[in-house]
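Scrolling down, you'll hit the structures one after another.
Two complexes follow with chain A in common, the first pairing it with chain B and the second with chain C.
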Partner chain A sequence: MESIIFFILAFFLLSGAIMIVFSKESLYSAIGFLMVMIAMAGMFALLHHSFLFLAQILVGVGAVVVLSIMIILSINLKEENQPKQNITRKNILFTTLIIAPIAGLLLYAIAKAPFAFAPIAQHFGTIETMGKVLFTHWVLPFEIVSILLLGAMVGAIVLSRRRLHVES
Partner chain B sequence: MLSPDKFLFVAVMMFAIGLIGLMLRRNLFVVYLSIELMLSSVNLILATFSRMHGEMDGGVVSLLMIAVIAAEAAIFLALIIYIYRITKSVDSQSITQLTHKRDEA
Partner chain C sequence: MIWDLYLVMPLALVFIGALFLMLFSLVKQVELTNYNLVTVAFLSVSLIIELIIFQNVEHDYLFETIFAKMFIVDKLSTLFNILFLSGAILTLLINNNYFKSRDYYNGEFFALLLFSIFGMMMLAHTNELITAFISIELASITLYVLVGYNHHSPKSSEAMLKYIILGSLAGVFFILGVALVYGVVGSTYLGDIYSYLIHHQNSDISLLVVGMMFMMVTLLFKIGAAPFHSWVVDVYIGSPFPVTMFMATTLKIAIFSILLRLFLVDFAPIYPLILEIIKVVAIATLLLGSLLAIAQTQLKGMLAASSIVHVGYMLMALYAIGVGSSFAASAIIFYLISYFLSALGAFGILSFLASDEEKRHLSFDDFKGFAHERPYMAAAMTIFMLSLAGFPSTIGFLGKFYIFMSVVETGEILLAGLGILIAFISIYYYFKLIALMYFYPSPNPKKRFPFAISTLLIVGVALMIVWGGIGTGLIPFVAGADGLLTIASEALKTIGK
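Now for the complex of A and B:
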């Protein structure tokens, strides 16, 4: 049963990823990204990370994807402002030739290594265990990430503010 | 029965597709979404190894990564709007403010 759910999720994940890269309209790419994020949340649920599942749905789908779609819709790209690029078969072949050895090596290493899941602990992945680990071993990274978020917020406001003296 | 290999396989495929998109496309939105795809695949790998060893540390790093992804999204989208306001396009080839202009030299 778990395997069937996994294969459905993997299908959605990879087809969403292909949709991101190869669709002509930016909005279709964003829809593919939505599929990827939801399937990622499903993967977290399959891995018994219930809190990560929740955070992925809230932040990944609820904030990041919605923000991307809103920006794409608000910019309102005209046809003549789109990059004039037709993806030829030669381009795809050449790029795949560059990427394939890296991916092949990684896949070979994964297939060779003797991986197996440990038997699951009773409270694995719940908010309680997650919070205990986060606020004992990972306090400093947590604080650094909060400063990073503050900096990103200020940077986004400064960058997207309308300026009076923009050279045209 | 699920094994970590399957999750890692999917994550590697995701990373490869993201890298292909990064090299293939010139639309800034697609470049942004490809980078997000690669970040998410690393997130999946972290969660898989956390489950494999039965310890929560990988999951906590994955949670922090989700926050980093949100910060990156905010900055990148603000940057896209800024570039669009100046050059009126989302082509990555149109960002030429710092290049040396040959015909003027």
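Now for the complex of A and C:
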């Protein structure tokens, strides 16, 4: 049962990813992105990680994808306004030839790797355990992430304000 | 506990300074110079505390009950923090004139710069890979914005976009590598990878090696090593002078702080597997960087491309560490200091001239007869070029000398020979500028030496370079160039295994 759900989710994930790359309309790419995000959330749910599932739906789908769709709609992206991409068969073949050995190496390494994980505990992945782990063991990176977000926010405000400045 | 609070003071001061400037930038009446001075004041206090810490610290985990062993304070991290802080202070003061001459700078610029320095300092202190990733991102995300700060120039915006897209793509490799390493080791602490490799010598470690190489991809990208160097010239030319200076000097040192920590401890058991890669990367960096540097017509582009070559020399020493050189690691730190001083001065003169006269002094031809127009500036520029080329009697010569010595020590004569050949090639593009400055008549009349913070500091840096090169034997009581090497090796000893 689990493996059937996994393959369905994997199918959606991969087809969404292919859709992002190959569709000519940006809106279709954004919808492919949405598919990837939802399938990813499903993967987390399959792993009994309810916190990551919720976060993925709330942040990944609710904020990131919706924002990108809103931006595409509001600036009226059309195909003729976009830079030309030449996705020819030759380019795809060439890129595949470059990527294939790396992907093969990863597959080989993961198949042979001795993974060092304990069997999952009873309350794995619930909001309560995640909160406890984040605020005890991982409190330093957690706090630095907040500084990172603050810096990124200041940067985003500076960038967007200067655009208004140019127009006026 | 009190001692821990004292150790964390420099970082806290930089962060408080960033917050203060962020709020302070709302006040419109404040002049730009005052923002600059406030930033420098915060950084200077932090620097003084770091200097005191450097005397007294050995190896310490900060707030061990709260942060576990994530936050490390040792001589190496303190030494790197001193370099970041002095780099930032010099960058800000030398560019004082430039800030005033452009209308797009405001208080947020300094706040973002402080955020970036905070990320770099955290990177030097971290003992854990996820914290390292977040610190790299903190240092880079703020830099992306700084690169595109000049909103009048489409080139600046283009450089920012290029840097954002390539930089975040490269950053992703680090977190992928960390995930793979965690899968095998079950921990993301730096020392744990080493102990895993020592205790599991018979088991299959291919995934671990793949993960570590992915981490190297990001680090090599950020320092601009060969297969990942294509962004360097465009981004350096596109960004404003203070940011170029900051990226060329301080960011490079920051990445080397984590690279050295990883390479010296955790990569040690798998040296036989990765040394070939490092060697190829080093040779490719030297050759491709030299080719790029020869082809540049703009002076900023030449300095940017030559910074790739300097990374190649340091990668040579990184290879020497793996083969078993005893002082290659301190040679890298010494080279970082020498390159930092020389590049800071060279970019400083360019930024001073750009602030003085609009749209001039950017290509080689603009420097024809410069020595007759501004003799003191030309002399300082000559010293910087000599130091970058590695001419004897400058600190740059000693940097190259130590690097080549460490490579020769390991018996890699061919690699050292290639390095010396590349140094000879670099004479072409550095000495071209000197020749243009001195052997052509000047179209403009002679100008007086302008006394300002920027110019005095540039002359000071030039004197420091000469002092680092020849002053060592003259003054017995002050730590000279050899003293710097001793300090570096002392700091490297405090890395715990």
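Everything below uses one rule, namely that the second predicted complex is superposed on the first by the 151 of 168 C-alpha atoms of A that agree within 3 Å, B and C clash if a C-alpha of one lies under 4 Å from a C-alpha of the other, contacts with A are read in each partner's own complex, and residues count from 1 in each chain.
The rule is simple: a residue touches a chain if its C-beta (ideal position, glycine included) is under 8 Å from a C-beta of that chain, and two chains touch if they have at least 3 such contacts.
Keep in mind that this is a model prediction, so the values were computed, not measured.
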Taking the superposition on A as described, I'd like to know which of chain B and chain C A:Ser50 touches: first, second, both or neither. neither
Quick check on the superposed pair: does A:Ser15 touch chain B, chain C, both, or neither? Answer first, second, both or neither. neither
I'd like to know which partner A:Ile110 touches here: chain B for first, chain C for second, both or neither. both
Which partner, chain B or chain C, touches the larger number of chain A residues? B
In the superposed arrangement, which partner chain does A:Gly155 touch: chain B (first), chain C (second), both, or neither? both
For A:Leu140, is the partner it touches chain B (first), chain C (second), both, or none of the two (neither)? second
Does any part of chain A touch chain B in one structure and chain C in the other, and if so which residues? 106, 110, 115-117, 137-138, 141, 145, 148, 151-152, 155-157, 159, 162, 166
Given the complex, residues on chain A that touch chain B span 2-3, 6, 10, 13-14, 17-18, 20-21, 26, 29-30, 32-33, 36-37, 40, 43-44, 46-49, 51-52, 55-56, 59-60, 63-64, 67-68, 71-72, 75, 77, 81-83, 85, 87, 91-92, 95-96, 98-100, 102-103, 106-107, 110-111, 115-121, 124-125, 129-130, 133-134, 137-138, 141-142, 145, 148-149, 151-153, 155-157, 159-160, 162, 166-167
Spell out the residues on chain B that touch chain A in their complex, using ranges where they run on. 1-10, 12-21, 23-27, 29-30, 32-34, 36-37, 40, 43-44, 47-48, 50-54, 56-57, 59-64, 66-75, 77-82, 84-86, 88-93
Taking the touch rule as given, give the residues of chain C at its contact with chain A in the complex, in rising order. 15, 18, 22, 66-68, 70-71, 104, 108, 111-112, 115-116, 118-119, 122, 128, 130-131, 134-135, 137-138, 141-142, 144-145, 148-149, 151, 180, 183-186, 200, 203-204, 206-210
State the interface residues of chain A toward chain C in the complex, per the touch definition above. 105-106, 108-110, 112-117, 137-141, 144-145, 147-148, 150-152, 154-159, 162-163, 165-166
